[in-house]
Amino acid sequence: MTWTQTIRSSAAASQRRGATPGIMLWRVGVFVAGIALWAVIAASGVVPAGLVPAPSSVVVTLAQQVVTVEYWQAVGLTVWGALIGLLAAAVVGIAVGVITGASTAAELSTRFLVDFGRAFPAVALIAVLVLILGRGLELKSTLVFVAVVFPILLQTQQGVRRVPSSVIETARAFRTPRALLVRKVMLPSATPSILTGLRLGASVGILVAIATEVLSGSPGIGNQITDAQMGANSALSFAYIVTAGFLGFAVNIGLEKLQSVLLRWRPAMGGEN
Amino acid sequence: MTLESTTEVALSASHVSKSFGVGADRVEVIEDLHLDIRTGDVTCLVGPSGVGKTTLLRLLGGLATPTSGTVSLGDKVITEPVEQVAVVFQDYRGSLLPWMKVAQNVAFPLEGRKVPKAERLRRAQDALEVVGLGDSADKYPWQLSGGMQQRVAIARALAYEAPIMLMDEPFGSLDAQTRFELEDLVLRLRNDLGITIVVVTHDIDEAVYLGDRVVVLGGRPSRIVDDVEVPLGRERNQLTSRATPTFIELRTRVLEEIQQHGLTQQVTGA
Amino acid sequence: MKLKTYGPVATILLQAWLPIALVVLWFVGSANSTSVFWPSLSTILQTVVDWAASGKLWGDLVFSFGNYFLALALAIVVGLGFGLVIGLLPRVGQVLSPYLDFFRTLPIVVFVPIVILVLGVGRGPKIFLIFLACVWPILLNCIEGVRAIAPSVFETARSYRIPLGLRIRRVVLPGAAPQIAIGIRLAVTIGLVMLVVSEMYGSTEGVGYFILQSGQRFQLAAAWGGTLLVGVIGWAFTAVYVLIEHRVLAWTREDADVTRTKAVKGDGK
Amino acid sequence: TNDSAAPDSNAEEELISVVVARGAVNLESAIIAQEQGFFEQEGLDVDLQVTGGGGGAATNSALIAGEFDIAATDAVTAIRAINENMPIVVVAGTKSAKPDYEGEVSDGLIVPPGSTITSWKDLEGKKVGVPELGGLPYLTVVTALEENGVPLDSVEIVPVPMDALVAAAQNGQVDAVFTFSIFMLSALDSGFTRVGTGVREFLPYAPQSLWVSTVEFAEKNPEALTRFRAALELGTEYGNENPDAVRKVYHENTELPAPFIDNVMILEPLDVNFNSKGWDVLLKGMQQTGEVRDDLTVEDIVWEGAR
Amino acid sequence: MTLESTTEVALSASHVSKSFGVGADRVEVIEDLHLDIRTGDVTCLVGPSGVGKTTLLRLLGGLATPTSGTVSLGDKVITEPVEQVAVVFQDYRGSLLPWMKVAQNVAFPLEGRKVPKAERLRRAQDALEVVGLGDSADKYPWQLSGGMQQRVAIARALAYEAPIMLMDEPFGSLDAQTRFELEDLVLRLRNDLGITIVVVTHDIDEAVYLGDRVVVLGGRPSRIVDDVEVPLGRERNQLTSRATPTFIELRTRVLEEIQQHGLTQQVTGA
């Protein structure tokens, strides 16, 4: 098959909803290959066993963990912290993004704060922040918020800025009121960009929640990982690491579903066929 | 279809100039142009490609502000789109919102006017029927052919039910038959509802057939090179009107004027 | 969308009023602070001056930003490479996307030992960590950018049989550029945050090391000073980046007198 | 802080919330005291939260932030915080480096199989991995090099995360590493050689893990602290006499592998009290490396009831 | 302008069907259509809006693959665009790359063919002159009017110098004068260079004036309802040719056929 044919047929494939059996098969193939590679690395001894456990032992450990209350508590605490931060960031980020996207004056006025804030390494200040916020949910969700709000804000802002001028002109010609303009024109047009921000943010949120736990000792997945590492129990720490991966996977599945609903209107790439 | 109000309105451009770009890139497109659009008339704007028809229409619609001079609606100077004006864009594809289905696209401007939902959808469906797209209400714009998209844009302006309608090459992508029917629709809008209509077109037959008046633009920067009254009466017929001597005479006149400012002119001028 | 533009003076004033107001507020508000947690702004700035005076600041900057720029360049190359493949071949994307989402969410911090094993104790792991954080925004935005290119553009390229290399260079990349630009803009600052985090492990120098050590040692003024410095650098980098973006994406700025502000104001009064 | 009325008939009970940094293997005496009822016996109602590690600095911050009254942390971070005028004081010890202790040493300098390094002296021109710059292991290495006449600037001391130390040596990223506990013991198992002893030799009596409280709490509740120390004392004795009780604590509160705890792990002696020599060497070491200001004294660091 | 090769080529569609969507959404657009494009002819495709003209053109150009049946060039079945074909799209705006200036847009397809840069630019400039845009080479597409953009798209196809040209409503946005000149350009391409040209148009006069043959599409799914040979000879003249009785007879015939399948039909059918 030539390149263009591939593109065309894959565009046709993506027009159909969900994964086709072929895609599923490929996915399984990649999965098996990945696990096999891992097993080989673990078995070959290239990396000390203490650092990379065999996949089998991780699976066993994970299976043992999932039946414990402790595991679900840890997962729950991490997810909760990440979720609060993420939701707050989504609300603030999208709102401020729309405002600064739609108004040059607002964007210029906040530009310094946004660019400064984006680069502000809040995680590095954990020791200081604990003094102010303690080690509870506040700390976790604050740090998640700070890390996630700016990507969402920027993705929204730039998405709004790039609404095609022909579309804006149409809205103007029909004197579309501001609220309606935002709701029915700017937001839908910026949706792909915003969703990308949310997908970035979802993973970053979980990562920051875990990092906060590792660094501050507040309970959650991160803390479990530290414990496991201090106990040189790599299978256990991998079990939790894998858990984090699954969380990201799950959140993104959700966002993808959302995306397929919100972007229903888009023709498949490469032209309809 | 009824209009909420058919008040006396008249668009007028006085001493309007418009340029794009700055410095060395500055292009003067329209210079010191004066034009009164009479209430209840169909005014056709014709002129060679690139002369500034779209630019003038955007000025009249308040979508662009003149570099100098003013555009006014009645006594009110316009610097913004006004409620009384509906627009059909030349770039009809770009003006349809891709995330809305056809019916939603047509109903959308009504939402801004707080028309209740049921009423909105009814009006949208009516307008779509009129342009022959009653069965495509539930499709996305990209699922339609070029001509169908263009008709959606027309339907949207119809559903808006404004007393003034500005149309930029509204029938450019339509087949002869559909075109004839929509041309007659325009005439009915004027006759039955008293709507004031400005149509940009490159089809001179169409201009003469539709217009109470044909305004010919030409030159660079452009100005009005002719302003032709069309004394064909308000009732016109695709077959008979087009065969009258007046019609033929007028179309020849306009054609000749455009030829003076057409492509060849530009090439040699370059 | 067409943007309202302001004159150069107004642009600068608009950008400056809020930060200046905040700094003044902070300066005045914190002037008499005796709290060890909330040092006064002048104390904080003094730590940066001391840092510079000690001669270490320069070395720290060179070390950290050497890593940073390498990692950013790497992230751009890799992000665009994979982004183009996945964007152009949606099926590859469909197969890989669950794994990408999975890997994206692995807490890399805990992989540091393995990374050190593979890449050593010097710059390697730091560059890798920064790279890993920067690559995702670029990758995801590149995919999105490619998918958002109008079908008519692809159709044109196909019908004129534009060869793959040229098609990518002249059609796909420019078409996706506005979205890619967002990704890089994000990466520019995410990289800075990660630069600091990356020096949490196995470091003996660098801006991040300075901040972290200050935090660990409860030298709060210095920790604040360092983070403020990084924040300001982030702002400065973005400003430079925006200038570059402005030039590269000149074609997206449609020059017309339609302004967004007008669009926003265009409500039915 | 909560001095609500006590239900107990004997003594007036005080509720103290105490945090133990879990996983740092420094929680034995308190947990035993809790389990054996020593706190109750002293008239204290202790809310013992076993929360996360996160390093001493974060624990100190949380203490200052008012999350609890007393916390377990390590000596170096406590000294650093006090050096910066953080309002905390050291109120009791858990473990110190006991040079006179007969048992096996659980920390030290180790080298991978085949290394030519046989003692501290051979480190000249080499790379040594330590878990953190400035921590106790680092101070030990610095002191050891000094005592062995190796110029400091001839050795490159690189920080490597704890769990990567041994692997880094194995891979040749560093020539030798200073490590401890399970990391050292399992390295020895896999063919590493110990070529130098640890903190017991070079920083004798230096406090390692200990308890801190806020200055304010110590000023307002000296009585409670005294009782807390007394209960810890009891827990310490009990633990030192019943190694299995200590092992049980590890089993229940750490992720260390069970066989390691039962068969391999070295149980260091617990001690609530400090030896003032220990503070001196530690402070001197930290002052020499520029970690803390020169005029910092034990009096600034340790609550008067614990000196 | 010269062609690299003017080999014998002929496009043919045999038993071609095309449908969009799946399941309940499936729309059959073209059914079992058979069409041979003769080498060196101008073939005009006409038919009501939405009938499937663009779809058929895309099939002929290898841009879409038929649901069943085959399209072939000579003996070769086409499933991809081929080198011998240049296309002017109905959506001319969307087909211009907004990040390239006009001259670059026109020269771009040549870059893919490894034509040296100087040659590319020369050919682009030539083609732009031909469509009357010699002085707009250095502008971005959005700085041009609709009709100018359309001419850029035409210039691009011209510069490609392919032996077959597929044009989808190429003159839809042009004024009468420019249109006449470009129509005559098309005829010259056929006469002087032997290029095979397929033009989709909704202007029946244009179809008869340009075509050696006018193919009328109609119905849903669409099929060929008429295939009219135009015996006007190869040399035509805007004034005289259009006045011949054959011309008038043919245009009336085609018009009537389209009217049978036009808008009204669709509305009542819905």
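By written order: A, B, C, D and E. Residues from 1 in each chain.
Everything that follows uses one rule, which is that contacts are C-beta pairs under 8 Å (C-beta built on N, C-alpha and C of every residue); 3 or more make two chains touch, one makes a residue touch a chain.
Note that the coordinates shown come from a computational prediction; the quantities given were computed from them, not determined experimentally.
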In the contact graph of chains, the distance from subunit C to subunit E in steps is 1
Of all chain pairs, the one with the most contacts is A-C
Subunit D to subunit E, mean C-alpha position gap in Å, rounds to 84
For the pair subunit B and subunit C, the C-alpha centroid-to-centroid distance in angstrom is 47
The distance between the C-alpha centres of subunit B and subunit E, rounded to whole Å, is 27
Chain centres from averaged Cα atoms put subunit C and subunit D apart, in whole Å, by 40
Note: subunit B residues in touch with at least two other chains are 20, 63, 80-81, 83, 91, 94, 112, 142-143
By the touch definition above, subunit D meets two or more other chains at residues 55, 57, 60, 163-164, 167
Listed in rising order, subunit C residues that touch 2 or more other chains are 113-114, 117, 151-152, 155, 158, 215-216, 218, 220, 252, 254-256, 258, 262, 265-268
Subunit A residues touching subunit D in their complex are 47-48, 50-51, 126-128, 130-135, 213-219, 223, 226-233, 236
Within the complex, subunit C is touched by subunit A residues 3-4, 6-7, 10-11, 13-14, 19, 23, 26-27, 30-31, 34, 47-48, 51-52, 102-105, 108-113, 115-128, 131-132, 147, 150-151, 154-155, 158, 160-165, 167-169, 171-172, 175-179, 181, 192-193, 196, 199-200, 202-203, 206-207, 210-211, 214, 221-222, 225, 229, 237, 241, 244-249, 251-253, 256, 266-272
Seen from subunit A, its contact residues with subunit B in the complex are 164, 166-167, 169-170, 172-177, 180, 184-185, 188-189, 191, 265-267, 272
Listed in rising order, subunit E residues that touch subunit B in their complex are 20, 46-54, 90-91, 93-94, 129, 131-132, 134-135, 143-148, 151, 169, 172-179, 181-182, 202-204, 255, 258-259, 261-264, 266-267, 270
Subunit B residues touching subunit A in their complex are 61, 63, 80-83, 85-87, 89, 91, 94-101, 108-109, 111-112, 140, 142-143, 156, 160
